[in-house]
Structure formats: structure tokens, C-alpha cells
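Here come two complexes built around subunit A, the first alongside subunit B, the second alongside subunit C.
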Partner chain A sequence: MTAQVTPIRTETERALAERLRAAPALDSGARIAERREAAILAFERNGLPSRRVEAWKYTDLRALMKQAAEPAGVPGEAEHAAARRLPPALDIDGCVTIDIVNGTPQGTGRAIDGVTIRTLAEVAAQKDAVLEHLGAAFEERSDVASGLNLAFLRDGLVIEVAAGRKVETPLHLAFAAIGAQAFATFPRVLVVLGKGAALTLFESHRGSAGIAYQSNAVVEFVLAADAEVDHVRLDCGGDAALSLSTLAAKLGDRTRFESFNLICGPQVARHQIFTGGPGAYINLVLQGATLLRRQQHGDVTLHAIHAAPHGTSRELFKTIVDDEATGVFQGKIVVDAIAQKTDGRMHSAALMLADNAAMNNKPELEIFADDVQCAHGATVGELDQDLLFYAMSRGIARAQAEALLIESFVGEAAEFIANENAREAVMEHVRHWLWERAS
Partner chain B sequence: MAAVQETVDQVREIDVDQYKYGFVTDIEMDLAPKGLSEDIVRLIAAKKNEPEWMTEWRLDAYRRWLTMREPTWSRVQHPPINYQELHYYAAPKSMSGPKSLDEVDPELLKTYAKLGIPLKEQEILAGVAPENRVAVDAVFDSVSVVTTFRAELAKAGVIFCPISEAVREYPDLVRKYLGTVVPVSDNYYATLNSAVFTDGSFVYVPPGVRCPMELSTYFRINEQNTGQFERTLIIADKGAYVSYLEGCTAPKRDENQLHAAVVELIALEDAEIKYSTVQNWFPGDSEGKGGIYNFVTKRGDCRGDRSKISWTQVETGSAITWKYPSCILRGDDSSGEFYSIAISNGYQQVDSGTKMVHLGRNTKSKILAKGIAAGKSDSTYRGLVSAHRKARGARNFTNCDSLLIGNQCGAHTIPYLEAKNAAVQFEHEATTSKVSDDQLFYCMQRGLSQEDAIALIVNGFVKEVLQQLPMEFAVEAQKLITISLEGSVG
Partner chain C sequence: MLEIKNLHVKIADEDKTILHGLNLTVHDGEVAAIMGPNGSGKSTLSYVVAGKADYEVLDGEVLLNGVNVLEMEADERAAAGLFLAFQYPLEIPGVATMTFLKAAVNAQRKKRDEAELTTPQFIKRVNAAADGLSINRDMLKRAMNVGFSGGEKKRMEILQMALLEPSMCILDETDSGLDIDALRIVADGVNALRAKDRSFLVITHYQRLLEHIVPDTVHVMSGGRIVKTGGKELALELEANGYRDYVEAA
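Our next item is the complex of A and B:
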């Protein structure tokens, strides 16, 4: 009964393990090297997660990741030109935009007062002290996606906002994945905010259509006390892409962190959010919408840890599932014993538009403190026939009425995006998706 | 919001050191040698005078069990269980053959009197039938001591007997249904149970019959170093109705004892089964020493159209509770219900919940689960609601709340909702503030203090679960009714 079972490795896993060992390590100090080694060892031991791994129960990466694509090299002029030809996912005036093609940043953008932006390669070469924050917000060893990102790490961005600096100009990181055949990219961004600093950051992801590329991005935030972040992420990756994404935030006292995530594009998408940190009185808002059709698979997994008293967290995620797509929401709020007076609310709502659509919901609570308010809710259902009837009886065509209802359903999650332009851009994507559905 | 004082007091009253049923009955026992092997399985089969097919069934289960591993996914922790250190059969010596109540060892009768279990059939006086009569099957370690009201039940065509007897007397029924809801190799503990189960109840209610009284089984573990592995099989044929009650206690002992039961319910067309449990196994002492490990597999199969299965449980005992009474909603328009109150104190660990598997069209399920954790205990609700491709029109409502008393305990909620077709409606909620401001205002406006108003409203809320319990459990449940869930977390 206690016999050790030797795991059978798939071709992809074997190839990945070989690539891991062959990949050059970014020289960023002993601490990172150690963590990288631990992540590689963990991969060699566990391989890709399958349904038997609880955190990946509904996203069987072993089955979904069909090949170990070769990591993309430094992009050349052809890639840059192709990236420029992609329709923009987010086109907002007044932003400072930095293009990141296949994980390599193209410059560091126009200078913003109080903000220092450097490439990760540059920071690593300087052995800058800011590197201590890299990976501080989470643990790669227990998470295969961010583990692989670290192992294959080549370049990225490090953004620092000086203490007290409230940056008004939004920063837009435009990620593009360009290639003619399957490849893998591992972009990484570290954002460090000083005490009382504030930043609005947009992230958009696009990629070559029809190419089974694999994107595995990690964006991590470290917020000193009283810092504030507004973050909006749009994943409009290529239609054959596998998009893994990890968002992590380490929150100091009285910090505010708001993030909205839109998935509408990749064949397989998994967005992971890890938040935690030492701060009391944190204010956390995580929201998002996932639009799925054909055989797409979209997964939002979040893990919010309340480690100090008086924290507030609000999570609201909407999923639209059409055709034969599969939606996943896994949310977990953890309240440590000392995190008294925590107020946490998590809600996931899914709308099923076709018979063969599937939705898996797992809203979890883990509570060790007795004086808290935590609640979660989850709903799955189809469009309300009464509302549809109401609209149609007033002369609105069925397709239009459906679009109207779906738009307002998603809008509920998007309406809290503070930046009006970003909010409008998100809704524009939703409307475009609905238009494609109707036509 | 923290728990109100009234609730804290109530929960303390049923704390682990207040366990009332911890006495030991001193009686000479017939024990199987310690350990588990094919010989022991054969020995149990021989003790029960079982037919060959049953023995083969057990041996098959035992062989499968050898290839399985203990599950580790639940939120419970315990030192490894040495399955070779247990007696798999223990029966009072005096119970060598079937006897009438007059011949039962007086020591046993005293035990049941102390536990408040009526073993004597109440006489019908002057033609007036007393209300709330209950037929009892009393299981003491590995054997059934007595089953009451059998004659009267037989008049209605209801079969109510120990399962070991059913295997001999009604082999066709047993063979047709045993293991069809919980397959032999369903999980580690169910497989172990299939190999070594000793006694339990068998109920068959024929078509169209409404069982004339409540049926009840009372389980008692007495002997040291034993495990209790009972098996219950309840079949409600077309249009039948039965309500079944289960109670359990065990003496205070320092070592942990294993209880791995399997309960299978089968409801055919238009049938209804109501299954209620008050689980009060010894929870261990205030240091966390001793107590029952309760690894139970309970599952109901709504096999026929329009059938209904309802589970109600009040869980206060056991060092570890690992229990997920489930409903497989196979028939069209069938429905499943799960009502649960789990209270943990001391070092108790509860990982309990339910599964509602919607397979048929227009199936409905409802889940109400309340967990209260105090002391250093951990309480987890783990539930699955799933609708398969063909389960169009499936409908579920889930509400689970937990309450923590003190900051050394933990409460966790792990619900899974899986929908594989669009025409479903699933709602899961775990509300924090169940007391609406309007209701509170209404009560306080009429002169009640805030505390009283909250108690009043919340009691009404908890009663939703408790009113599902049959009257017979009302006394035990009475204390729980006053427990307020104010300040609970979802």
C-alpha cells in the first residue's frame, strides 16, 4: 500500500525537463539561483500538474500542454514589424506604452517623473538591491507556472515608483508573442512601490493568430505602506495560444490594490492571482470577466491571504461560456488567526450560452479568526428567460436582447475600473466579442 | 462579528469533557483474533453463517483493499492507523444465537436503558396506540442485540432486520441491491467495510407502503481495540416511504477507535427516504486523547423518477468525522436534500459535507450546512454539486455557514460546483449577516433588546435544519436549537 509509484512522464514533460536544464540562468544573485534550482527540482519531481493536483483539478495542464515549445529568442526586426501590425488591445491616449515582444522589452518608454524603469537584464547585471523583491510575493516551488517562468527567465522589466509619488500617467505594458511556429515566452515584470506611492498599470497581451505559442507571464507587485495600485489586464492572445499568467501582490499596511482581468482570445488561459503580505488595513479588489467560446478553456484561480487585521477584500468574477467551452473559477480566501476584523466577499457568476458549455466553480474559504465577516457566492445559469422576454416584447431582436443582457452582466464587474478609458476599452472588447458571436 | 455569549455557553455545555455516554459495559465478549487477513474475513463470514456468494464478495473486497491507499485529500490529520492492531469481530458471548428480548443479557439491557434506548415494545393499551413509536435495531459492537416491532412491521410488509439476517433470509433482495450505490471499491474505507462488515440494518419497504413507524438503529461501540464496520441497506420500492433514524455512542477510552460504516439508500419511482443521524461518538478528551475515527460512506440513489432522498445530520461527536452523505439524482424529477449541523469542540476535526450528482432531467437539490467550531477544533464543509450533460433543468441551492468560537479553531468551506450543460441553475451562498436589518428593526421596535431579537431571528433560521429531524431526536436537538449563528462566516 505504501509502494512508491514512479510517475510516468509524458513526452512534453521529458522535453521540458531537458530544456529546463539546458536553459541559461539569468545571473541575478544567489537567492534567485537557489529558488530557480528549487523550481527545477520541483518540476523534475512532479512534472506538469494533472487533474489529481487539487490546484489544477479543472485545468489539466498535462493534457492541455501538448508540446514543450522552444523558448523564443531575442526578437529581430521581423518580429517587431509583426508586433506593430497586430491590432492594439488597448489604445489609450496619454499612456506611456512599453512594448514587450517575446518577453524582451523594447526600451523603457518615455520618462515619468518619480518612476524608474529598467530591464531585468540590466538590474541583474548591476546586482541591484531591488532584486530582493523578485518572487517575494509568492512561492514558486508549489506553483508550476511561476516556477517555469523563473527557470526560463531571460529578461523583463523592473519598475520602481518613488515614495510619496502619485503617478497620474498610466503605464501600459503591451506584450506581444510573435512567431511563425510554436514557441514559448516567459515575460516577467516586477513593480515596487515606495511608501504612499500610486500607480495605474495596464497590461495587454496579443499574439500571432493560429500559432500554438505558449505564454507564461509573471507580473508581481510589492507595495510599501499606503501605496495604491490600479491594474487592468487584457488577455487577447492568439486563438491557438496557451496563456498562463501569474499576478502576485505583496501588500503593506493600508495599501489599496485593485485589479481587473479580461480573458478573450487564447485557446487555453489560466490567470492566477496570489495576494498576501504583512499589511493590516489592506483594501483588495479583484475583478474580472472571462469570455469563452468554441473549445476554449478559461481558468481564473485566486488565492487571497489575509495575514493581518482589518483587511477588506472584494472579488467578483464573471464568466460567459458559449459553444463547447469550459470555464473555471477557483477562489480561496484565507484568514489567519491574527487577521481579526477581516471583511472578505467573493462572488463568481457564470452564464452558460450553449448546451455543451461547462463551468466549474470552487469558491473556498479557510478561516482561523473568529471575529471576521467572510462570505462567498457562486451561481451558474443560463440567460434569464423573463428578461429576454421583456426585451423582446419591446421590439428588440433576440440576438440584440441577448447581447444587451450579456453586456450588462459583464459590465457589473467592469464598472469599478477606475480609469474610464480602460473601462471603455474592456467593454469595447466585450461588445466586439458579442458582435462576432451574433455574426 | 464574534459569537454571542449565549452561543458560547451552549457550545461549552456540549464540550468534549461533558460527554455523557462514556461508560463501559462490563460483559464477556467473544473476540476475533487481532489483525486482518483472508482468514479473518472468512471467520466473520462463518460467524454470521453466510452463504458462499457473500464470503466471495467479502474476499474480493479484501483483495482490492490491499491494493488501495488511504485517502489524504481531506483536512484531517491523524497518526497512521495500524489495521492489524484491531479486532474485526466482537460480540457479547451471550449472543451466540438469535434470542427474544427476555433472553438478552441483563447487562446489555441495562446499557441500553442507561442510553435511553427503548428496547421493550410499548404495549397497546385499551386499543390506543401510543404516538411516536419507534422500531429499534440495537447494534452492540459487531452484532445486533435486538430488533423491536418486527411483527407489526411485517404486517405492513416492511422488512426490518439485521443485515446479517437479511443475507440469509432475503438473499435475492440483498444480492440485487448490495454494493450498487457504494461499489465495493468506491473508496478505501468503503472497501474495508465491504470486506469485514459485521452488522447493521436492512430495510425493505414494498411498493406503495408507507412505513407505519419510524425505524431506528442505535450503534454502540463497547469493546477495546475494536473497529465497528456496520452496513446499512435501505430500499424503498415504488411509491414507498420510510423515515430512518440513526444514533451512536461509545465509551471514553484513551486510544482511538475506528468506525467505518457504509450506508446505501435506494429510492425507486415516487419513493421517499428520510435518513436522520445524531452522531455522538466519543469525541476524545479535552487533551485530544482518544475518540472515534469516523470514516463513513453514505450515499443515496434516487433511482426512480420523482423519488426523493433527504439526509439530516447533527454531528457532535467523534475525534475525526469524514463523512459526505450524498445523493445520486438519477431519476427524472428526483430530488435530494442535505441538512447538517456540525459542532466541534476540543481537538475534534470535522470534514463533512455532501455530494449532489444531477444525472436526470429537472432534478432538484438543496443543501443547508451549519458548522460551529470551538476550542482547538477544525470544521470543514466540503461539497460537490454537479450536473451532467443530460441533466437539463437541474436546480441546486446551497447555503453553508460556519461559526468560530475563539481563535484557536478553524472553519473552512470547500464547495465544488460543476455544470456540464447550460440549462442548470446553481446557487451557492454563504451569507454573513443572516439577520436582516429590517427584521431586526421590526423586533426591536416591539421592545426586544438587540441580543434577544438576534437570538429570536437566528433560532428561527437554525430551526430550518432542526425541524427536519424526527420528534424522537428533539430532546437531543433541543440544546442545539438555542445556538445562535450570529457572527458566522460563510
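Our next item is the complex of A and C:
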């Protein structure tokens, strides 16, 4: 006898399934339509992931997503004005900035030689060949966050960098989530770099304070051989927000991909990183810092696949957990059988500032090749009392000494950000967080 | 002036008493040396006076210029004029030496209601002090004490002492790990800071340091108290005869 298992759905899941079926699909070709349908079916079958799903074990989305918020429409003047009033998360001279309000790009920015920027709606209407890259860097069927992003996809940005073009001007995508009551937004960005191209891309995320909005963003990169990307993401979302984010990269031969992620704002944040691709001799650097207080929940989950030989990857993530907050780091490096001579190092370090703070650290290696060097480590600790005494014995007050040591802890991960202005902007957010903590 | 009266101290989480009724006075402008065998409580004394949290004071007083500092946090003691040069200076990864020094100097100035130094004023002052101690300016840009040699770390302690201008300096085995040249540079740095309103307490195992920093008084510490006090000739006597007589006396 086979028992029929009928999954019990929460109110949120039922409402979300209804919204999924009602959402208009962006007409972007049969391949995407098929994937979208598969994502919707997967949601209908599985619902939101709970702690029983390994990838979401420490971030129980079924419990954390309290409602199926209505997807935001095309922003009007009121939303634009509110977005302009938000303090900038990244204010760097010399960038080309494109504002993206509730997932809708506001223009495509000042022209940069060798860079083509179009809206996803425009590309879809033209049935442009670049659409073949959409979703090519990962498989959303097994991932609910990016699956929902695709299902609700309405617009976004497509950025193409011509082969051989090394863009010196950084591109800044300034995302804002604006609303007066709970809403959902699904930003999407596809970045395609031709052979030997190079791009520095900054993402900053802000949103209405006190509003339980849900942001579910996907930013995906496709790098042809010898391409290089420096990416910095700042998640300074609203204090009641649920921020889901997926960063994906498909890496060609001899590509370099470096990404730094800062989480310092949303009530719940999960940043997922999926990297893989056909390339040999890839150079992958993934780093980040997560600053948590009150009852905030911050999750960084990464899955780096070495699919070809001679790849190098370095991952360093720092988490600061204060009050009753919860931090999560799940990192997995997979080395396929043919990926000989892979050199991978992954480290997660957490600093606990309060007795009721919690940290879940899960670094993993899955190695199928036999000639590789891979290591991972995870540490959880408190502020070093000897260092604190040393600083205080020089006249530095306890609060300032603590701030200095916390800043240095984060600084170890941020010091590799190549762009000096972006690095300073990251540290300025850290200092501001510390200042708020002390006041 | 530092006055330590009947100081009894134990390790905070253990039932182990280290200082047993220690009495010591260091007058303004005086350079006092404390010598003693391993385990006599010399480093504990320096930590307790500086305000480290790992110890519990059972009895006694530590008066700095007439004020009992035992209720103060370590930073308040520093602002009151106390400075401890560490036996093992700590490394602070990710904090540039200049940043750390500026934070320390300005924190103390703020507590004393003095105006904070501007960056140009501060750099000028640091560079002058660093040159006097043969400290390479590149060192000042690196993370605090990270990758510094033993000698460089000790010179950095003296540099901090020069910048913070304390009235009471405790040097905890500053000679340990120094070669002869480094010892001379460090000693010259200390001697340059000698002044009638600044006192020194030099803790050492060996007479060698006291050839370079000549003390006014020498105290012998054993079993957690001062067991003998004399002039600089006492150091020579210890060098010749060892601590055996005093260990037994304690």
C-alpha cells in the first residue's frame, strides 16, 4: 500500500501559489517559459523550504516568510521621489549609476564605450539572442528563491560588455524597494562579458524603513574566456525587510571573478552564491561580512563548483552577531573528477558579541578529483580580552576599543576589495553600524 | 608618584594568591627597578596596576598621585597618567599602527579635556618620536605590531610611551628578546623620557638592562612581596649571588 502524502500548506504558501498562477509571464522565448513553468510546478510541489530541506536548514523560509506580499507594480513619481530621499548606500564619484526601483530600471545610464545596457523587457520584445544566457549560470528548479524570481519576472537589466573591452568606469546598480505597505519585488540583472572583457560592478540595496517588503533579486554573470569581474554588493535594506539574493556566475577559461558582499540592514537576509562553469584556470574570490543585531537573521550560502582543472578559489566570510541575532554560513566547494590541480580555501569566522547570539557555520568540501589542495575552516569566538586590555591600557575606552577590534575583524575580509572607494564605503557602513551599536 | 599599600591579589577564577601584602613607593622622577625570580609576581603586579581584568584584589590600595586607581577601568588609569610597556606586545590585525596611535592619543586628550590633535599635528609628532627610536616610517603604515620583530614591537611600546606622555611608566621585562643594539635603542628612548615629574618602574630579571637604564632604587620581589630594597648596587649583588637568599627569605 502506498500512502498518499498531502503536504500541509501554510496560508502564505497557498496565497503565493495563487499569485504565481496569476502573475503575467515576461515573453522571453520558449526556453524561459519552460523553465518558468518548471519553477512554478516545483513550488506547487514543494512549497517554501523549511528546516527539513538541507539547503535551508538554518533559514526556515516557511516560518520566516510571513505573507505572500503583492508584487510591486511599475513605480510612479511618488516611488521615485521616495527612492531619492533614501540615504545613498554607495556614493562614489566616477561611477555610472542606474537606479532600479522595485525591480524596474530607470533608464540605462550614461553610455560607456563597449558596454550595451538594455532593459530585460526590451531584450525580450526583440527576442534577442542574449536571452540564451538568462538563467544559464545556475539551475533554479532546485532553488526556490531564484525560481520565484523567474516566475514573477517582469523586467530587469541586461548588460553586455564587448570582447576585449576593459571597462574602467565602475557601474553602480542602485536598487531601491519602495512602498507604504508590504510588497514584493523581483529584480533581475544579467551581465554577459565577451572574451577578455573586464567590468567592475557595484550593487547597493536600500528600501523603505519599517515596511515588511520582500526583495528577491537575481544577479547573474556569464564570463567568456579571459574575462574579469570585480563585484561589490551592499545590502542595506530596510529594517523590516526580507531580502533574498542570488548571485550566479558561469566562468569560462582563465576568468577572474571576485565578489564581496555586505549585509547590514534587513530583518532577514539570505545571500546565495552559485558559481560554476566550463572554464579551466579560473580564479574565484568570494568574500563578505554580515553584521547582525536585535533579532536579525543573516545567511550566506555558497556553492562553488570547480568543473575543470587548475582552478583557484578563495572564500572568506566574517559574521558579527550581537543581541539575539542569528548568523548562518553554509559554504560548499565541489571539485569534479576532472578538476585536477584545484586549489580551494574557504574560511568562515564569526564574532559573537552577546550571550544570546547564535551562529550556524557549515563549511563543506565535496571532492571527486585526487590531485587537489582544498581546505576549509570555521571559527566562532568572542572579542579577544587580551587585545581589548591592550587597547584600553593605551587610554582607549572600552566601547571604542571594541569598535576598533570589530572593525579590524571585518577589515580582514574587506581589504581585498580592489576598488579603494568601494572598500572605504564598505568600512564606512561598518563604522556606522558600530556607532549605532554604541549609541 | 605611585604608592602600593598592602596589596593582596589572587587570580580571578582560581584560588591562587599571587601578591601577599606588597608595599612599594615610587617617587616623582624616580627610576625604580624590580628584580626577582620567575613566579615571584612581577608581571602580575604590572597587570594589576594597569587594570587587567583577570585578577581580584583582596586587599590594599594602589595610589597614583594620591588617587586610588583600583576602581578605575584600564583606560581611565591610562588617562590618569599610567603606562604599561608590555612584555609581549599584542598584534592587532587590520588596524593600521597610525590609526591605533591616533585613537590612543586623542582618547587620552579627550578624557583630559584637551583638544584632539589634527592629523598633520599628529603625524608630525609621531614622525619625530619614531625617528628618535629608529622606527621605519613604513612600519607605521602596517597593521599594529603585525609581522614586527621582537625588537620592533618593544620600540613601538616606547614610541607609544613617548606619545602618551604618562607620569608613571611600568616597563615589564622590556629587555626580553632584545639584542644588544635594540636594547641600547630602547634604553636611550627611555632615558630621553626621564623627567622630574615622570617615574619609572622597570621590571627585569637581569642586571644588564639596568646598565643602560640606571635606577635610583632596586627592589627585590619574591613570593608576592618586596623583600629587600637598596640602591643600584643591589642589582650587581643579585647578579653575582642570584636570588637564592631572597627566595628562602620569602
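What we mean here is this: the second predicted complex is superposed on the first by the 436 of 439 C-alpha atoms of A that agree within 3 Å, B and C clash if a C-alpha of one lies under 4 Å from a C-alpha of the other, contacts with A are read in each partner's own complex, and residues count from 1 in each chain.
Please note the rule applied: contacts are C-beta pairs under 8 Å (C-beta built on N, C-alpha and C of every residue); 3 or more make two chains touch, one makes a residue touch a chain.
Worth saying up front: this structure is predicted, and the values here are computed from it rather than measured.
Residue contacts after overlaying the shared chain place A:Ala78 against neither subunit B nor subunit C.
In the superposition on chain A, contact is made by A:Gln400 with subunit C only, not with subunit B. Once chain A of one complex is fitted onto chain A of the other, the partner contacts of A:Gly381 are limited to subunit B, with no touch recorded for subunit C.
When subunit A is checked against subunit B and against subunit C, the one touching more of its residues turns out to be B.
Of the two partner chains, subunit C is the only one that A:Tyr390 touches; subunit B does not reach it. When both complexes are overlaid on chain A, the residue A:Ser408 reaches subunit C alone and has no touch with subunit B.
In the superposition on chain A, contact is made by A:Ala337 with subunit B only, not with subunit C. Shared contact residues of subunit A with subunit B and subunit C: none. Of all residues in subunit A, only 385-387, 389-398, 400-401, 404-405, 407-412, 415 touch subunit C in the complex they form. Those residues of subunit B that touch subunit A in the complex are listed here as 1-3, 66-70, 73, 389, 402, 404-433, 487, 489-490. On subunit A, the positions that touch subunit B within their shared complex are 1-2, 54, 321, 337-338, 340, 350, 352-382.
Interface residues of subunit C, counted against subunit A in their complex, comprise 50-54, 73-75, 77-79, 83-84, 86, 89-90, 92-95, 99-100, 103-105, 107-108, 111, 143, 160, 164.
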